[in-house]
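Note that the chains take the letters A, B, C and D in the order they are written out, and that residue 1 is the start of every chain.
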Amino acid sequence: MKPILLLLMLFPLLGGLFSALFGRRVSRWTVERVACAGVILSFIMALIAFDSSGGKHQIITFFTWFQVADFSVLMDVRFDPLAAFMALTVTFVSSLIHIYSVGYMKHDEGYVRYFCYLNLFVFSMLVITLADNLVFLFLGWEGVGFCSYGLIGFWYKDMKNASAGRKAFLLTRIGDVAFGIAIGLFFLIFNSLSITYINGHADILTPGTMTLFGLLLLWAAAGKSAQLPLSVWLPDAMAGPTPVSALIHAATMVTAGVYLLMRLFPVFSGSATAMAFIAVAGTLTAFYGACAALMQGDIKRVLAYSTISQLGYMFLAVGAGNITAGMFHLVTHAFFKALLFLAAGCVIHALHEEQNIFRMGKKLRLALPGVYWPFLAGAAALSALPPTAGFFSKDEILISTFLHAGIFYKFLWFIAILTAALTALYTFRLFFIVFTGESLYYEEESEKSVEKPPPNMIATLWPLGVLAIFAGLLNLPAGWGGGGWLSEYFLNIPGAAHHGEIPHSVENGMAIASAVIGIFGIICAWFLYGPKGLLRRPDLPGAWGGLFDLLREAFYLDWLYRRYIAWPFEKMADILWNRVDREGIDRGLYSFANTFMLFSQILREWTSGRLSGYLFMLFMGLTVILCLLAINFSIL
Amino acid sequence: MQSDWIVILPHLFLAGGGLLIFCIGAFWKNRPDGTLFITALLSAGAAAVEALAFSGSGTPFAGMVSGDSFSRFFIALFCGISVITLLFSRRYALHRRFSGDEFYGLILFATLGMALAAGATHWAILFLGVELLSISLYILIAIHKSSQAANEAGIKYFIMGSAASAILLFGIAILYASTGEMGIVESLNAPDSRNPLFLLGLGMVITGFGFKISLVPFHLWTPDVYQGAPAPVAGFLSTGSKIAMVAALLRIVTGASPPVWEVIAPVIWTLAALTIIVGNLTALVQDHIKRLLAYSSIAQMGYLLMALLASRGDGAGASAVIFYSVIYAFMDLGAFGAVSLVSLGEPMARADRDSLTAYRGLGYEYPFAGALLAVSLLSLAGLPPTGGFIGKFALFQAAIGADYMAIAVIGIIGAIISIYYYIKVIAVLYMRPTRVPTPHTFPGFSGPVACASIFALIVLMGILPGSLLEVIAVILS
Amino acid sequence: MAVYGQVILLGMMLFVIGGACVLIRRNLIMILIGVEIMLNAAGIVFIAASLRWGALDGQAFVIFIMAVAAAEVAVGLALIVYCQGRSGSINADTYNTLKG
Amino acid sequence: MWLYSLIFYLLAAVILSSTLLAITRRNLVHMVIYLIISFFGTGLLFFLLGAPLLAALEVIIYAGAIMVLFLFIIMTTPSEGDQEKLKGEDPTCQSCGPIRLLHTGLPILLATTLLVVAGLFIFADPEIRVALNPAMASPAVFGRFLFERYWFPVEVASFLLFVGLVGAWYLGRDGLGAGSMARVPQSEEAESENRGEA
């Protein structure tokens, strides 16, 4: 088992190192093949490991990183069903995205950097997935952050892209602070940083501590998983190449936060407050994301807000105490969101980097049937139409929210199901505008021809399409004749235990309700945004325009950040940077930093360059030391 | 008796190698620089191998030098330092035309001095080792005769160093006068080693040591000398001579009897705190890289002293000190080595490339030396995944574990401040250069070999520090 | 015979006189002389201690002090002459181009 | 016994006064002469304290070799050699009397403080009042002791002297750098610089 897991992690790392070291020396062909091979081999290893572990928990120590007194950091991995499943998903989706990237980046000069980052990204994600030691995990966590920074700002020559990368980096860093604090607290309390140990001894925590941990971890996860209020970086992070968006937003990076919560579930599951907080954060984010997605005009931004929204569902699942459902949704979401992004990438590629959905139309359906059908499958899954994968996974979340004790959760359930309707609405709005009807910009129509994407890009859509529809079979509820395989598989995971038998009436009722709501959403979308739709236009006049702007600007969250957080910081940096503005805003901080510099200048004068001064200090020091000794010895 | 000789076999290799080099230089027409260089490398390497491979035991020569694994470990470290210094200085010395038997021979003699100082169990050997080291360094610093700055640095170090040696010597005399013991540990544990006279001597000895490892307020010479000295020599000075003194100090600190320790601990505490604060603060405004490195090395010594305070307990402190010494040696050598590599192409070949503005975009011009400098600085700043991170972690862990909370907090604040000036240099290194860079390559093998080995060591110790820590645990047990 | 403490005090006073010489004088040669006086003071203490403890170790150390003094003076004077040849000054404070 | 004490006090007075006179001389040749007196006194003190061999060596090495070396250097250094300007008279600060006072006053204050503190340590020691009994280590005994127990440090000291020799030779010889060195591979820049210097 140990060599398999080691290889599982090492293959992407080696691929990345190869690109970094020899990428410039060898041909493009080799770089591409090595990068893909690294991930695909890793996927094969994940399959073998998944197969041979048989759902058992295994802790394997690779080596001791360092050991200082009683504090040791072990490079060990915890291969339990959760990790096995996650590793499988990550490597599978990443493999497809790598293959897709070969086509997508065909004409880009920075391919070496690109594939290097991409491989390292997968490696870091696998570290998060498998690590048992929190410091080890944190390294992966930071690695993911760093790689995403590089990839989002991949076309760094454009200032906007570089600043998007920086924004992602900074906002996720805010989350990392909380994670760092949490790690410190864990060590203080448990004297160990092993997840296994911590989970096993979580019962020594008082409810207060549990709440604290829950909030800290929520804060950390919110940064990584773009939950409110740290969500603003994700839509901007679309600046990177589209496969990167697929990788970051669909399968890997953003799920790291949720995964962390699932991994450390026992630490806070005893605290109702923490759980409620997580559920509320998830629900609000889900609703917020769905609303914001409703009015976006950029195909990738729609999908980005949809990701935020779907991640909210996963948080809700964790908050409702059903991490099986959360994981289930994570996996199905990975499939259909990767599919949607990759299909969007095909569309963008076909229209020569055009991202405005109002410039698309039925010509795409005619020209790209290979993209149209997978996209439809993905849209159906996202809208949770029965019997797609999304339907089952979302349904399970709704059921567990509904059945969770407390009237409060009923309310959350209500918002969640409302969001489900919104989800169907915005998904099919996107679908109808992109693939049906006419483009709104007739005049440019003639200039642009649709370019067919290379076959390896299209080919990767199909397996994802199939999975988007059929992945629901993994955890088919008993009512549908399934055995709930995933629930069985996750039975041993702490916190994944069944909540008793689900009443058939609830199960069936919920299924029907969500199906109806989904279909209702689609019908609305057809009337509003279909080829002859009422609202098929980029902006709205009159009183509705304000609402429209509110939604399009995602409740002005970005603006709020700029106005009340980023702006003062920028100002401060500005003041510190060019001293001209010294009469500026935050005098206190400025003079604080200035004091350091002043001290520094004074101390610099001390080193006067004159030997007599140095010799004087030598004897002065001797005298002072002797005086100190005399005082200590009390002969003075 | 035979084991006596095994103990000093590394010393014999170093001394013999030095003498051989001078003989070759004296009797061979047209002094063959390559042969001299190889001889120096081989002697240092052989001494290192000998120190690691053969275990002598006991303290031969009437208890004057120690053959324990502690001193053998340090001897190997010093040999490693001198090998790397030799590699970095090869081209540098040729280019500035001071290579020759004096340079290589004196490096070996200085290494011998370090080995003696670190392994001494007798005050006479300690003093003679320190003096051998110092006198070799006086000449090595001033060895670049066409450089005005080296000249000034040499005279400054000489005057300060000889005054400090005199203080150290007088301290030793007073210690002997009060206890009648010449053995280091014996004198520290003598029955009447709590009388005032003894403390007077100890105060002077601490001052002497404080000068050699440049603790505040005895640090003033450090930036001047480092700036003036040729870069490889500055690296040698800042690593070898300091670590030798730290090793000797470690013996003193762990050997002192509890009542003595009670009195001197506050003094060491004060020195450590002052050194951390002043070193880091003064480094903030430096705009010459060698001065910046000098202040940084001052601050690093403060951290080491902090852990030295904690080294009387369960061994965590001592282990941290030794571990950090090793890391510090390589990262500081790496930084100065990178400076010496990029100074090779300086047109006038008189001074080093020193001003921070001259480093703008250097990472593109000299990719390898730039990377070495960046990694060394990151390690000095204590950022993962470099060895400096683990080392600093161990130091702070030791200090906190021994309940030196206040100084640990000062140290951590200092370390945070220090990140600013290290990163500043790295930012300058990778700034877009003002002109289009022409990537340079280094002629010969020695520079790149040294570069690669330091790079590997820093990263390796950051990723796999376990084996070294185990070795240190064995040494201390 | 004299009291032990008086001899030590004599050494200490000589040491301080040497230190004062190092501190007050700016002539490099005088600074070196000051250091020599300090080394000599240590010799006196060693010999007194040797007599006090009835062991010859202290006397042996004085031999080494002499060796060190000789070596230091040789190198130091060479350095001073060399510096003077270069910059024409033996005033310690004229060597102040490196600072800050 | 009182004779011993008398001689000791006499010697101490001679040593201290001649050293004090030495360090305050402006004329460096006078300084050397006073210092030679001081070292003679120290030699006699060594003899009194029972170290005849060291007494001889003190006179030969310190008063003889080292001082002659100093004298030699003082004679050969041209301008400032024998008439050292007192401190404070550096060209940047011509007429600032208080500064000059500060420059000499502060070190003297520091030295006095150091002496007082050290004196406190010495007098606080209860065992310091022990009287010294006269004894004599004959040169033969001392020599045997030195080379039986201390031969290793003696060897180290010989290396020290060797390094001192090398250093003095390197710094003292003509030319910049290793002038007589063989051709070594060097870059064009160095070559051209070389020509420029020539």
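By definition in this document, a contact is a pair of C-beta atoms (placed from the backbone, for glycine too) under 8 Å apart; a residue touches a chain by one contact, two chains touch by 3 or more.
None of the values given here were measured: they were computed from a predicted structure.
> Compute per-chain Cα centres, compare each with the mean of all protein Cα atoms, and return the closest chain.
Here the chain at the core of the arrangement is B.
> Chain pair with the most contact pairs?
By contact count, the leading interface is C-D.
> How big is the gap, in whole Å, between where the Cα atoms of subunit A centre and where those of subunit D centre?
One centre to the other, that is 73 Å.
> Taking the mean of the CA coordinates per chain, how far is subunit B from subunit C in Å?
26
> Please compute the C-alpha centroid of subunit B, do the same for subunit D, then give the distance between them in whole Å.
Chain centres of subunit B and subunit D, defined by C-alpha means, are spaced 28 Å apart.
> How far is the middle of subunit A from the middle of subunit B, if each middle is the mean of its Cα atoms, in Å?
That gives a centre separation of 46 Å.
> Specify, in ascending order, the residues of subunit A that touch 2 or more different other chains.
Subunit A, residues with two or more chain partners: 604, 607, 609, 611-612, 615-616, 619-620, 622, 626, 630, 635.
> Send over the residues of subunit B in touch with two or more other chains.
124, 128, 131, 135, 138-139, 142, 145, 155-156, 159, 163, 167, 196-197, 199-200, 223-224, 286
> What positions in subunit C touch 2 or more of the other chains?
8, 18-19, 22-23, 26, 31-32, 34, 43, 48, 52, 57, 60, 64, 68, 71-72, 75, 79-80, 82, 92-93, 95, 97-100
> Just say which it is for the chain contacts: an open line, a closed ring, a star, complete, or other.
Topology of touching chains reads as complete, every chain touching all others.
> Over in the complex, which subunit A residues touch subunit B? Could you list them?
63-69, 71, 139, 596-597, 599-601, 603-604, 606-607, 609, 611, 613-615, 617-618, 620-622, 624-626, 628-630, 632-633, 635
> Once bound in the complex, which stretches of subunit D touch subunit A?
Within the complex, subunit D touches subunit A at residues 87, 103, 106-107, 110-111, 113-114, 117-118, 120-121, 124.
> Give every residue of subunit C touching subunit A within the complex, in rising order.
Listed in rising order, the residues are 19, 22-23, 26, 31, 92-93, 95-100.
> In the complex of these two chains, what residues of subunit B are touching subunit D?
Those residues of subunit B that touch subunit D are 8, 15, 22, 30-33, 61-62, 64-65, 94-100, 102, 105-106, 109, 112, 116, 122, 124-125, 128-129, 131-132, 135-136, 138-139, 142-146, 178, 192, 195-197, 199-200, 345, 347-349, 443.
> Would you tell me which residues of subunit B are touching subunit C in their complex?
Going by the criterion above, the answer is residues 123-124, 127-128, 131, 135, 138-139, 142, 145, 148-149, 151-156, 158-159, 162-163, 165-167, 169-170, 172-174, 176-177, 180, 182, 197, 223-224, 227-228, 286, 288, 291.
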